[in-house]
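Note that subunit A is present in both complexes that follow, paired respectively with subunit B and with subunit C.
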Partner chain A sequence: MSKYQRVAYYPGCALEGTGHAYNQSTKVLGSALGLKLDEVKNWNCCGAMEVKNIDPKVQTYLSSRVMSIAANEMGASVVMAPCNGCYHNLKKAEHDLAHDAGSREVVERISKKAGHATYQAGQVETIHALDWIKDGVGEDELKRRVKNSLKGLKVANYYGCMYTRPRHIFPEKDQGPGSESTSKPHFMDDLLAAAGAENVDFPLKTACCGGAHTLSDSDTSTKLVLNILRAAEAAGADVIATECPTCHSGLEMHQVRAEKVLGQKTRVKMLYFTQLLGIALGLSPRKLGVHENVSDGMEVMKKFA
Partner chain B sequence: MIHEKSLIRPENLKTHDKLVIDGVDVSGHWSTFIQSRVVTDYNERLEEEIAALPGGENIHRCWQCGSCTNSCTVNAVNPDFNPRFWIYLIRMGMESELLRDKDIIWQCVSCHKCTYACPRDVVPEGVMKATAHWLELKGHTPKSKSMIFDEEFTAQVVATGKIEDGRVIRNFFARTGQPLLQDWLIEMVKRVARRLPFKQGLKMGLAAVFRPRTRKWGKARDAITEYVQEQEAKQRKALSIE
Partner chain C sequence: MRQDLLAQAEAVLEEWVRARGEAPTAEASEGFRLLALHRQGARGVPSFNACRETCREIAYHYNLLNEKHDARTELMMKMLVQHLELFVRGKLEVAGLGDFCCASRPLRKESENA
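And now, the complex of A and B:
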């Protein structure tokens, strides 16, 4: 039995707001696959993309507190974060605490004053929702459980920045066959292929959507998102599969903005990979929150549901 | 070469319609002169100052290979956005040259492609943030919209342990003097509202009134605040700001 069968779940702030559909589809998919989630108790924000610009070590502390609760108050050995930002920050904190005495000192100082156990590097393993499904269930089992094959659905898999960069914070990646690649990630492709989808050759898998400046430098973000949407359409994709609430809402938002501000219309739809897998397992699109997406995927998914 | 870029700007190039020097005709475009320029305004502390700010620590490791600029997301959109050039200027202490680009340095989107590509662990992304921060601390630029967003976001996390995205967005638009009711935002809300169930809309509305927060966060809030204030004092000292 995989150690990912039961994991501590860190949804993060975005999944309680704009990424609500990702939260819901992750939970529904997990329970359909017999995977257990124990939400991290009384969790806090990981620092997202912003706190590090005020002070990187505060971000390290924030992320370490989440891992400390999982390890020391819940006895968990694995923390699963579906958001790329959370996943990245927990990984970064893990790396910094293992390699940098200055980070350890600051985290210890704040943890003591805050009145909780200081997180020690190595206490938990942080994984992404992709690892969770890929290792906790696997493609073979997934194939067996597929009720509505996604055959004929052309998917561009979009992983964004934080899932693979910078590579030194993901020591388990780039370890050859079976491991995830930081230059050409494929875990989402593998899972969707198992669900019957046809993955298109998409060159901008890890391109940046400008998420960090989505509101503060919207023109740049719109240009970056348009590149991604156009490349997906040129590759023949009907939908872009996402695995991060910031990427997902960035693509949706700037698709609308490109249309309204630049008059550039694109038709490709965005769906979370958890929504696509859920549909393949026979779950209803509404249950998976497909109707909550800004980009309306209901129409294109109707024939599969 | 980027290193001579400052010399061959249009204002430093001289051509003469009719000029003879020592009997040699040097008129016209084919004998363009580059005006000699003496750099006297080196800031010898520039590299140290950037290195004293979070993210800038490894700037001294750069050997000017250009992998950062070559991989840069923003450079592909705007060729003037050139991390390698700025790192060179900072290390040389060419402050006035750096200031020519002061209004775009904050545009780094933190995609980490440069940090991924850098063979010397400079963490160019961090250097960009440190430089943007330096420009603001020294008063060369007003706070960028991005910094205002970061401050608004961080203040909420420090205060309550969590953020509520609607609140961050509203406060950000208010602080940057932008109307919240922009065409494309309205269009987006309309598209969701069409399909959003009443219950979820209500829940999101309630989150705006009852802020999500981490329980028993007070001590963490105080410890973080104390630490950040200490760091800010240290940084101001390193930059000789009163």
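And now, the complex of A and C:
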């Protein structure tokens, strides 16, 4: 039995807001695949970009608290974070605590003050939802369970930036066959191929979308996203599969904005990979929250559901 | 065409390097001046690694077009160069672009100085 069969689940703030459909589809998909999620009790923000940019050590503390609760209060050995931002920040905290004495000192001081056990590097393994499905179920088992093959659906897989960067905080990646690649990630491609989808060759799968500047410099973000959407269409994609709520809403919102502000319309639809896999397993699009997406994927997915 | 696109991508990175007060390198990395320019441009600016894969994809598409010319590959290379241009232009205007994903430098620097 895989150690990923039962994991501590850290949804993070976005999955309770704009990424609600991702939260819902992750839970429904996990349940259909027989995977168990124990939500981290009383979890807090991972520190995201706001805290990280002001005081990176406080961000390390915030992420360490989540891992401390999972390890010391829930007895978990694996924390699964479906959001790239949360995943990245927990990995970064893990790296900092293993390599930086200053971070350890700050985390210990604040943890004592807050009255919880100090997280020690290595107590838990942080994984992404892609690792969870890939290692917890695997492509062969996934293929066996497919009821509605996604055959004929052309998918561009967009991983965004934080799933693979910076490389040094992901020591398990780039370890040869079977491991994830930081320069050409493929776990989402592998899973969707197992569900019958046709992955198109998409060279902008980790390209910058200007996400962090979506409010302060919207035009830059809109142009970067528009180029990503156009490249996906030029590659022949019907949909862009996403695995991060920030990427997903960024692509959706700037698709709308590109049409409004720049007069540039694109037709490609955005769906979470958990929604696509769920449809392949025979789950209803509504149950997977497809109707909640801004980019209306119902029409494209109708023939598969 | 592929030479023109590669030259265009190099020109974008040259502009970034010059804006940082340095002379653009004439050297090549893995056979591409573009990759050497990227390495030079990212020195001390980890967030510039946000366009590392874009540069590598441009080099890859350049090689693909050497093997066989096809319109789709050429279009992809064009879009990659355009993405690099948009990113660097955005970064020249807003230095923090790419900071979200790629920068963990401040923490380590701070600790080294302590």
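In this text, the second predicted complex is superposed on the first by the 305 of 305 C-alpha atoms of A that agree within 3 Å, B and C clash if a C-alpha of one lies under 4 Å from a C-alpha of the other, contacts with A are read in each partner's own complex, and residues count from 1 in each chain.
The rule we apply is simple: a residue touches a chain if its C-beta (ideal position, glycine included) is under 8 Å from a C-beta of that chain, and two chains touch if they have at least 3 such contacts.
Keep in mind that this is a model prediction, so the values were computed, not measured.
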Superposition on subunit A - do subunit B and subunit C clash or fit: clash
A:Gly210 touches, of subunit B and subunit C: first, second, both or neither? both
First, second, both or neither for A:Pro82, with subunit B first and subunit C second: neither
Partner chain in contact with A:Ser103 - subunit B first, subunit C second, else both or neither: second
Subunit B versus subunit C as contact partner of A:Gly297, first or second or both or neither: neither
Partner chain(s) touched by A:Asn42 [first = subunit B, second = subunit C, both, neither]: first
Subunit B versus subunit C as contact partner of A:Gly136, first or second or both or neither: neither
Contacts of A:Gly278 with subunit B and subunit C, given as first, second, both or neither: neither
First, second, both or neither for A:Gly30, with subunit B first and subunit C second: neither
Which of subunit B and subunit C A:Pro11 touches, first, second, both or neither: neither
Comparing the two partners subunit B and subunit C, which touches a greater set of residues in subunit A: B
Residue range of subunit B overlapping subunit C upon superposition on chain A, of 61-69, 169-177 or 223-231: 61-69
Doubly contacted residues of subunit A, that is, touched by subunit B and again by subunit C: 49, 53, 56-57, 161-162, 165-166, 207-208, 210-213, 216-217, 220, 223-224
Of subunit A, residues touching subunit C in the complex: 49, 53, 56-57, 60, 85, 88, 92, 95-96, 100-103, 160-162, 165-166, 168-169, 183-184, 201, 203-204, 206-208, 210-213, 216-217, 220, 223-224, 227-228, 230-231, 234-235
Of subunit A, residues touching subunit B in the complex: 13-14, 16-18, 20, 42-45, 47-58, 61-62, 65, 106, 109-110, 113-115, 161-162, 164-167, 182, 207-208, 210-213, 215-217, 220-221, 223-224, 252-253, 256-257, 259-261, 291-294, 296, 298
Touching residues on subunit C, where the partner in the complex is subunit A: 46, 49-51, 53-54, 56-57, 60-61, 72, 75-76, 79-80, 82-83, 86-87, 89-90, 93-94, 96-104, 106-108, 110-111, 114
Complex interface listing, subunit B residues touching subunit A: 54-55, 73-74, 77-78, 107, 109-113, 115-116, 126, 129, 133, 144-151, 153-154, 157-158, 161-166, 169, 172-173, 176, 183-184, 187-188, 191-192, 195-197, 200, 204, 207, 212, 214-217, 219-220, 222-224, 226-228, 231
